[in-house]
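Labels for the chains are A, B, C, D and E, by order of writing; each one numbers its residues from 1.
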């Protein structure tokens, strides 16, 4: 039961002259929910994108379910993977973006069914049935044939979650999934995420919803300026942080 | 001191078969801050857009500073205004959008200086100086030459406010100015708005920031399903609402 | 050398001065001038459209210059001199010649046009020469063509829209009755493209009017690329047809005047002199006629 | 400052009976556009009298137009034009997508090769390209498989034999169109939000799938109108193939008027057919614009400021 | 489930000394693209040997190319081509913007008029349009100001006199280009977010100002590449004006080769000049693309998935 899902060792990432990640170490076990917090620009999104190899790291290693992200170890050496192999790795990781990024030219149902059919080669009818189930799970079975432009933000985000789940990932990454939503709509998305966590999904969630982090999170990670300042039980880190930077941040957010 | 800045009488608005505003009556005096609250889809944005004649109303009247919006009264009859006359009316009203809508091809300074030069025919150097002052007032004097894509959400929204203020409006409309922002960044925008209110600007603010509404608002307006359900002192409406719908909404938001 | 009628002036009376074309001094022919419609003698000039270059009928004096010369040009100048007016030649691409006439921008077309019954719907022709078809082949005549019947079973090029297409159709019949293979004919928009087809080996010969063929053979790459087949059975080329000076049918009176002037040039020998200057005596006809073509 | 409590509209009246007991709608004198209507009438009058004067002009010679409109040479030319256009556009668009993707690739080799391709094929006259492919024998007498820069040849063939005229025409038109289409496709791809690509990647879609299923369909909105231009241009460019033989609509009619001198009537025949083809083309273009405009752009269309309505209403 | 407390990187070491004491960078065998390089080498070899074989071909006749490259007839043709292209494109683009705005207008009169305009001017052959304007006397013998449908005339003039050939050529090319440009501009305008227009309106900007200052600059990103295509096409279309006089590069060279039969060398001269013009044109195009690409599209360019980098890096 202590299979490691994510292992990041001394991860460094720079954009030009700006070093954004300055040695990140983090492990997340299977079934855990890790909540990432920290001020804007601290590198939370960048770290999440590195886990999914949307960004290439300069130093360190990231392993997801034991496999080095973006590389294959053969004969004791790392070999860069080709695009299609990276794509295969990404199938096991679902990602939900702050700005939803639904495909505007497809209905909600098509958004959810696209990847399983195209990537996994599933049959259309099976996928359609499964997609409807997923939309039902996020409470949107009645919006299956609606285009994203006609959905509210909260509805769009729930479709985005269903879309990621349709690939049956082992790990879900959430990048501030509720921060572009009206406060009213935040609840419905957090509910979906809470149920997902209860079902045993491993999740890394960048969020400012302290309540959610305390209630659902197994571990809270506070980042600042490219480093992890504090990790630990959310009840401790978020209630009685030991680091001064964490304290000052929480005082602003709460 | 009791000059009426906004007078809406029995305003009706429909999109196709959907009636979105079902008879809105509201007056805002000069110098007042009115906060509009209500669930998603209740018509708050639509009402704000009607005040600025971005939408044309089907029935009723809206007057801003005594002038009927979109019409001229001549010889006891209403005459539709031409585009350029509507544009002239809009100069007296500033609007800040939820999604900022900064001009992406212009720097922060150019965004602010554009309308005074183009619309009011101000001199470039004067406007530039004034624009820098405004950017300074919203705390962004060091970002004058930066393009919007390189600004954080909060910074973009503050530029948007400066841009609207550069036209020296008599009335400012805010449509959920902080709802697309990270919680950390909300404060900086609300601060700017608070200072603006203190300086005597008449404002109509659609917001879910109950704290802001209670502290800064002179009147709170609760809308639902195209009608105003409750108006009154924010301390009353937001703390101890008389209508059941208001109560249930507030319980969700708080 | 030729010197255009340069000083006939605006006045219709100043016509006594002789104009020199191809070394011959030409004076006004009164009968022809009398037939000229009033508006042209008043104007003192007509505009003539010609599609340059189509050697040796019309070409530029030297490359890049816009001074026009050639058989047609000289004949035009001579006719003008007989009529006592200027024939102002203007370069005009073929597609624009008829529209230019119809728009009234020019009044006469002298552009080595073959007269045909079809075309008489649009134009009235004063016939001024006849030319037949020649066969142009690569220098040295590698395929050994001696007469048109040797083209049977070979690849042949022609300019699209040219009258040679019909002629080749007649040859086809003769080929098949002689038991030989058919001619594979490809059409190209310009003669020059057809010639390119010869050098690139796509065809072995191209058919075009014999005077042009002679001129191409003589001038292209200093006479080292092509040659013309000389069939003793048809010295002026196969299937000679009349070439005409065209005016709009509505302007038939002008055609009458031009015919008289041309006949006068034939009678006094100037006509032959001009043809000889370009080495194309072979295209001469007996008398100036109007719309004499029968097909 | 105190709140001005307005008599609040009772929810029941306003809400429940909405649409029945409508209040008095805004009674206003609508904005008149006298200048606009005046201009419209002038334009209409002018156009009509111009058209009438043109139509009655004897130079137009309507009987000839009628005679040639469905003449065999017109119809067979039309067939060639259509065939060449469709085939060249298929080559051009599909190749253009490949070239556009190569131009946007991070790989320097691909970028340079595709850049050169576009430079050469847009930059040289189509006529030269047609002559090159049509008379390739004049440029490259034979094709040799052997060791370059030596005289060792394993296999060789005369180029004039292997490229027949129609293939040459298609090659020339298709390659030329590829260069133009690639620029249009590039503009289209660049107009699609980067977040779309990232979302597709994070779903495990390969770059190719992402391009085909996510990026291109959204780029279509920007690609379709200029590609419409390209198709119409191609319809007419096919006339140039007459240089290497092949009889499209325009060259057939040109050959005919070279014979009978009825230039204007035959050009009118060409114009009529091109107009018909262009109108027919409008149908798929409008369908594509509607299809790929779906779900994009603001569902919100303001009632004021006509620039606000500078885009078609979405049908959701 | 409990949190796995990893040894947390001490902030000081990681942060303060960042960039100095770099940790071991990822040591990996980089991805090789043997196929890509193989293809590149094949393409390079093939192109070189083709070019060599072409260059050495006697039909190309380099001395003639050299002789004509700067011949007066080439240079004067070049001047005409440039002048016509610039003038026609200025007319075409500015008129095209007007037509595009009319097509997107809510006013039915404007929409119908502009729709018809595009239909007719894109749909008919340029040759016919050139002949129409060049020989307008053949279509409309005289222009009359009078009462339509009666014989009352106040003033009349023969059309052949009022439109000189160069004006006719510009009219024809310019109007034709307007129709094409309007479609490109329309696609550009439609690609701009509606929120931009609303923001401009709410600042009191008039529709015209909004178009000029806000919408068009953002549309440029989508407009520039296909307009580049149009300019290059126009460069070559100018050759058609030879039918109504005017001697552009191509018709001068065609006239020369009709006389001296040096077709291929002279077409190569044309190709060289067109390539030069196209290359020169690339400079303003790239400048415009950079200028108007500024600030748009994600500043975020991922390191992985080359489609992610399907757009140029922004220079901020």
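Everything below uses one rule, namely that a contact is a pair of C-beta atoms (placed from the backbone, for glycine too) under 8 Å apart; a residue touches a chain by one contact, two chains touch by 3 or more.
For clarity, every value in this text was computed on a predicted model and none was experimentally measured.
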If a chain touches subunit B and subunit D alike, it appears here: A, E
Smallest count of steps, each to a touching chain, taking subunit B to subunit E: 1
Distance-maximising chain from subunit B - centres being C-alpha averages: C
Distance from the mean Cα position of subunit D to that of subunit C, given in whole angstrom: 43
CA centroid of subunit B to CA centroid of subunit C, Å: 82
Where subunit A and subunit B are represented by their mean Cα positions, the distance between them in whole Å: 35
Interchain centroid distance [CA atoms averaged], subunit D/subunit E, Å: 14
Junction residues of subunit E - those touching two or more other chains: 59, 127, 131, 138, 141, 193, 195, 198, 201, 207, 263-264, 297-298, 302, 304-306, 308
Subunit A: positions in contact with at least two other chains: 54, 83
Touching two or more other chains - residue numbers and ranges from subunit C: 95, 99, 102, 193, 196, 199-200
Contact footprint of subunit E on subunit D as seen in their complex: 33, 36-37, 40, 43, 45, 48-50, 53-54, 57, 59-60, 101, 104-107, 109-110, 113, 119-120, 122-128, 131, 138-141, 148, 180, 183-184, 186-191, 193-195, 197-198, 201, 207, 210-211, 215, 221-222, 224-226, 228-230, 232-233, 236, 239, 250, 263-264, 267-268, 270-271, 274-275, 277-279, 282, 293, 297-298, 300-302, 304-312
Complex interface listing, subunit A residues touching subunit D: 52, 54, 83-84, 87-91, 93-95, 97, 99, 101-106, 114-115, 118-119, 146-150, 163-164, 167
Residues of subunit C defined as touching subunit E within the complex: 52-55, 59-60, 63-64, 90-93, 95-96, 99-100, 102-105, 190-193, 195-196, 199-200, 216, 219-221, 225
Residues of subunit C that touch subunit D when the two form their complex: 94-95, 97-99, 102, 116, 118-119, 121-123, 160-163, 186-189, 193, 196-197, 199-202
Subunit A - residues contacting subunit B, complex: 39-41, 152, 176, 179-185, 187, 208, 249, 252-253
